[in-house]
Amino acid sequence: MSRYIGRIITVFAVYMLLGVPAYGAGGAIDTGDTAWVLTSTALVLFMTAPGLALFYSGMVRKKNVLATLMQSFVLLCIMSIQWVLWGYSLAFGPDHWGFIGGLEWFGLNGVGLEPNPDYAATIPHQAFMIFQMMFAVITPALITGAIAERMKFSAFIVFSIIWATVVYDPIAHWVWGMGGWLRNLGALDFAGGTVVHISSGISALAAAIVLGKRKGYATELIAPHSLPLTVIGAGMLWFGWFGFNAGSALGAGALATTAFVVTNTAAAAAAIAWMIVEWAHRGKPTMLGVASGLVAGLVAITPASGYVTPLSAIIIGASVGIICYISVSLIKPLFGYDDSLDAFGVHGVGGTFGAIATGLFASVAVNAAGADGVFSGSYALLGKQIIAILASGIYSFVLTIIILKVLDAVMGIRVSPDEEVQGLDLTQHSESGYNL
Amino acid sequence: MKKIEAIIKPFRLDDVKKALNDLNIEGMTVTEVKGFGRQKGHTELYRGAEYTVDFLPKIKMEVVTTDAMATKVVDAIVASARTGKIGDGKIFVTAVEETIRIRTGEKGDEAL
Amino acid sequence: MSRYIGRIITVFAVYMLLGVPAYGAGGAIDTGDTAWVLTSTALVLFMTAPGLALFYSGMVRKKNVLATLMQSFVLLCIMSIQWVLWGYSLAFGPDHWGFIGGLEWFGLNGVGLEPNPDYAATIPHQAFMIFQMMFAVITPALITGAIAERMKFSAFIVFSIIWATVVYDPIAHWVWGMGGWLRNLGALDFAGGTVVHISSGISALAAAIVLGKRKGYATELIAPHSLPLTVIGAGMLWFGWFGFNAGSALGAGALATTAFVVTNTAAAAAAIAWMIVEWAHRGKPTMLGVASGLVAGLVAITPASGYVTPLSAIIIGASVGIICYISVSLIKPLFGYDDSLDAFGVHGVGGTFGAIATGLFASVAVNAAGADGVFSGSYALLGKQIIAILASGIYSFVLTIIILKVLDAVMGIRVSPDEEVQGLDLTQHSESGYNL
Amino acid sequence: MSRYIGRIITVFAVYMLLGVPAYGAGGAIDTGDTAWVLTSTALVLFMTAPGLALFYSGMVRKKNVLATLMQSFVLLCIMSIQWVLWGYSLAFGPDHWGFIGGLEWFGLNGVGLEPNPDYAATIPHQAFMIFQMMFAVITPALITGAIAERMKFSAFIVFSIIWATVVYDPIAHWVWGMGGWLRNLGALDFAGGTVVHISSGISALAAAIVLGKRKGYATELIAPHSLPLTVIGAGMLWFGWFGFNAGSALGAGALATTAFVVTNTAAAAAAIAWMIVEWAHRGKPTMLGVASGLVAGLVAITPASGYVTPLSAIIIGASVGIICYISVSLIKPLFGYDDSLDAFGVHGVGGTFGAIATGLFASVAVNAAGADGVFSGSYALLGKQIIAILASGIYSFVLTIIILKVLDAVMGIRVSPDEEVQGLDLTQHSESGYNL
Amino acid sequence: MKKIEAIIKPFRLDDVKKALNDLNIEGMTVTEVKGFGRQKGHTELYRGAEYTVDFLPKIKMEVVTTDAMATKVVDAIVASARTGKIGDGKIFVTAVEETIRIRTGEKGDEAL
Amino acid sequence: MKKIEAIIKPFRLDDVKKALNDLNIEGMTVTEVKGFGRQKGHTELYRGAEYTVDFLPKIKMEVVTTDAMATKVVDAIVASARTGKIGDGKIFVTAVEETIRIRTGEKGDEAL
């Protein structure tokens, strides 16, 4: 018996050697920078759960509210573990062919508490790791806007783990990993326009197409069950996005400040623009329009947030507000795909616009580590941005189609029509949202 | 006994209740319902898309009363619920065979 | 064609020169201070949206929930842009006659990333700017409590922009701007008792009077549609208020800490006081009473928060809890104005009391940069506080009346009675809050 | 008259001397550490209100939603004042017999703004004080999960004040106070496994037993009225828990980072484990299961959070997810107590497991100031942990029973059956949650 | 056939349902309603102001049954819904001319 | 006049409404109700505990129509509401003695 216990202890002891933080002789940790990055990490977690979870779940019908919340929450949990085990290593570990990181950092092996100057010289390496984790969490969660109200929960989980591993982790490596080919190319993505929004938005479109329309889409009334939930979520997204963008400065100084300011400015401009264009088009300014517009603005400024001035942010925001309005109100009905909560319409379209806008408005006067865009006289950046958009967009689209088609053949990805009618809360989770 | 069932506009409820109280009507039951009729529904917006909501919120008020009082009750409801605009609603009168007060077991007009 | 593009580029290039952050040779940025001010800025944003938006929207009827949320959200957007373009310049730009800042800083021209020691020596100037922005956002949003459920949305927007420009910006300049006459006088307002709460609270009273009562006010039952929303909002307000008050230290040290402690203490004391007095008066302690009381406490401690001890905070909090309870439950019915959600009753009355309390309890033992109040033996400060109260109160009241009367003549400020019956959600925004 | 005023002023002047912060010659304040601790304090407040308040109130029936919110909010208020007046002094003031602090720091006397190196050398003493306050706030709030839907509000208030003073304050002193006997013994509790979760969880069990079952418990359907509220609360708890655990590092560096990372990892692992085991046991994964599991994970990692690796956190989390699932779904029905919202089942059980896990997984490789646990080759720590568990558990259980029995005799602790049927909102607070 | 419509206190629903099940009643429909009657409403507080809520939550239960069973159903409801306090509610009995089961098209007593 | 009261599955509402519109039925009132019948309730989970929800959401649709139209209305509802699975619901037909349109005071078939 005690020998048995002894063995267990030995096994654990070895296991625990993995991921032991080394307090190395490395660079000096700055407490202010660390405070800001940890705060930002918490903020980005807050964006996903409850922020995005609420934003989306308010828009679905009452019978699917828990299932929609569940998707964001379960992704937070699963991606947190995936990232610690292999995700971070694939994305930021030692480069292989510019395409992907190796498994050398599996289980956070070697990812300790001393700074890793390749990524952030003044904060513990694990702080950088967990900040990045929250991006890996929210990205697949964004896709759930396109698959709402009809995807089988078991298939959703399998899809998400595969997608994170073969789509998100590589693209994150291309753009942000040491040795990543888009990073080497010089494409700019301050806080995840390409990595987060294009990858999720384009995948969302692919998923909406593969899954097909919801029963009754465009023939019956599918009204949001609680817009106040959506509005709370939108407020939380705005709040959390400061962590997303200004946290991406990885320190608390001038760069974080400028990112913070342009983030707020673009969100505001986009919300106003969406409101005005809907007012002009349909005769009324809507609360959901403001909420949607602000998210579009936050999306578009994301890649640009460390590189542009506040006045550029106004233009970027106002433009994306109009563009995304057009994309969800005119283009979507034209093509007929059921991007249920407009994950593609806002994140795919807004993210693409943001990446282009970075190529237009970036200025080394704002960030010496950045580059000059078209309006500062250089066309080179724009070309690189377009390469980054195309590469990540096409890659995401194709891989998502393949994964879903395979899963559909293997396990089925959509609930039965009866289950869809009854709602996912009851049929996938045996729960009801409300007993009022 | 008669059951008087009135479908009215929600914001008239207070006035109708007062009108019935003036008749010494001591009991009534109201239900939130949705009505479809000549009154058109309204248009709502959802991300730039327009859709029509056909069913409008209405209040159903049920009063069971003696045969003698029935006309007065109907008149009081008509007078107090009317705005003159489409959608003011309807009153339906049906026969009630028996009424029982649960607390006491009283029956008939006594139970009202 | 390419010439045309060239011109556009030139125009943009010039435009972008505005607001380019200069990384100057200026003072040293402290990362800890910057982290705290950025965090605080996010917290104050969170106070407005979703905090205040929820606090208010839970108290209105179901048919006005989105319209009420909308007012806070749209103000966040509009004021963010107003502030970047001209608001910050008017409030904090180069002084003119002690009354207002100039337009020299229009579009953040010259407001860069190096610290401006006039305002905050250890954080980027833009960090100070955006922290202040959130005050400019929340102040008009507070007024919406007085105009709820009946104001025309278009008129509301026009009113807000004018009000921010001719009421908020000047008062902020008087009290906080370099050269502002109340600042020079020596009136103390640590975090916005005068600038935020008196200006908004008194304007709220004026607006309630000009707009008139809601249909059915005091004759019909106007019950809050969802107190849980209000309670969530109250919790968020408390949370965010740490940014408001402790962030006003503009650094993360002893001053921020003392402001943080007294803020929490006053909120708690006021909530308890309100609860007890309602319990004594009406026989029951209420959740809405606790929520209202805590807000009253936060309001009253705002101007005092960097100048008083925790024990003084208990007295200030307990007093304002009782005072605001009396103001909303006894004084309001007496006069009969429909301050729908008690913007005046809590912010106007509580803010005024707080400004006076600062004159009573302030102590240089707490903050050497402050002054001694009556209980520390000096009457001078109290006099200055009263001047500040009167000046800002009268100015706000008169200007608000004028703006609204003019707007009423020009475009009408109130919805039609039919629209009021149907609700603002449907008639102003073509949306419904819930489909449950 | 003026003499009278003069006297009042003198009284106040003396009163204000209490708690005047001394800007001493003491240690240097680090702005980054202070920023992080203040942020963390705000986060822990956010956990209680609105976080925990929502988590709990979503699970009760509609007629008790406000009463449940009220319990958390009123505790936030009352404990804030209790802590400033005597709580902090009892818990952290000069030691008496290893059992309790003295009243020397009553009213924060001597608790100023210079650092107190006994507790935290780089932040103002008051910052440490208020960070600790939020723990004193949330601990009794956790108990409310066991007494929901039936406790008399007046008795609840009296109970809470006594409980905080004779249960919480001493236990906090034992474990964290200078000279506390468990601290001296060497038991480890990084962020409150013993102090917060065991004390509240075991007291919750005692309270559930003394109060008795809710009317209709186990015979009628008592369904949660709004799981979305609970889910929002769960998200807020996760977010706030970063302040709870990583804030307990009392600085923004490597220790805070490792605590942050393991906190997130354990929460995720526990949620997944709960989900899987419920899926296996009942055929469906539930949203409430994920929400409950993540809380269980956060509870269990709390004492361990500064001492274990991320991979250990996965094991701790996964284990506690399963253990707590068993405790609420199998053990509770077996014994039949009505731990209404599973305060004991999650916090008592999870906290106990976490304290044991600390004795198993702690490693000085992670934190030199910690100790090695069983899997690092030393059994000593585990013994100390068990002593701490037993001492705090038994003490909490016995004292809670005594307090409640006495109060029941004196004033009655339970509402009448009629009141219970009508609901606490109406009968205790004369309010209704919703008018939808 | 008779329709038996009972307005009862919400917390009696479970007991009434059980009583009907004991009679082998296989179907019923319930609606949340608000009732106004002899039972006084309650007072609520809003920021120190008191206001009276007149309408109380009630449950309307509808059971359509054969003429033969009607009395038994009424008695069962009276027995199970009664608390003896004001506000226990009423039972209204009306005639139903026809019943159709949608699934099968069966009519009359068959359809119940 | 007849009142036709149909208890149907919620997701059939749109189709039933369309079927009635095809008959030129211009008015109807719908209520959200809960039904108990042969169709079994479902099981829900609460922290590992299973409990049964007996009452299922249903829609009650009320249409008052002329005697002449009554059969057609019943047939249209049966045809459009039927799924063939247990729980499709019932239709109850009762006599209405009088109908009044509140707006105009019209009575009888005129008022429909």
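A, B, C, D, E and F are the chain letters, set down in written order, and residue numbers restart from 1 in every chain.
In this text, a residue touches a chain if its C-beta (ideal position, glycine included) is under 8 Å from a C-beta of that chain, and two chains touch if they have at least 3 such contacts.
What you see is a predicted model, and the numbers here were worked out from it, not measured in a lab.
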*asked:* Moving step by step between touching chains, how few steps can get you from subunit E to subunit F?
replied: 1
_subunit A-subunit F separation of Cα centroids, rounded to whole Å_ = 46
_Can you compute the centre-to-centre distance for subunit A and subunit E, using the mean CA position of each chain? Integer Å is fine._
52
_Suppose each chain is reduced to the average of its Cα coordinates; what separation in Å results between subunit B and subunit F?_
18
_Per-residue overlap in subunit E, given as positions that touch at least 2 other chains_ = 31, 44-46, 53, 94-95
*Enumerate the residues of subunit C that touch no fewer than two other chains.*
30-33, 35-36, 39, 221, 223-224, 226, 232, 252, 282, 284, 286, 288, 429-432, 434, 436
*Touching pairs of chains, which are they?*
A-B, A-C, A-D, A-F, B-C, B-E, B-F, C-D, C-E, D-E, D-F, E-F
*Which of the residues in subunit D end up touching subunit E in this complex?*
220-221, 421, 426, 429-432
*subunit C contact footprint on subunit A (complex, rising order)*: 30-33, 35-36, 39, 43, 61-62, 223-228, 231-232, 234-236, 238-239, 242-243, 246, 251-254, 256-258, 260-261, 264-265, 267-269, 271-272, 275, 282-288, 290-291, 294, 309-312, 314-315, 360-361, 363, 365-366, 368, 374-377, 434, 436
*Provide the residue numbers of subunit A that touch subunit B in the complex, in ascending order.*
221, 223-224, 278, 281-282, 284, 286, 288-289, 292, 325, 328-330, 333, 342
*Going by the contact rule at the top, pick out the subunit F residues touching subunit A in the complex.*
11, 14, 42-46, 53
_Touch list for subunit B against partner subunit A, complex_ = 44-51, 53
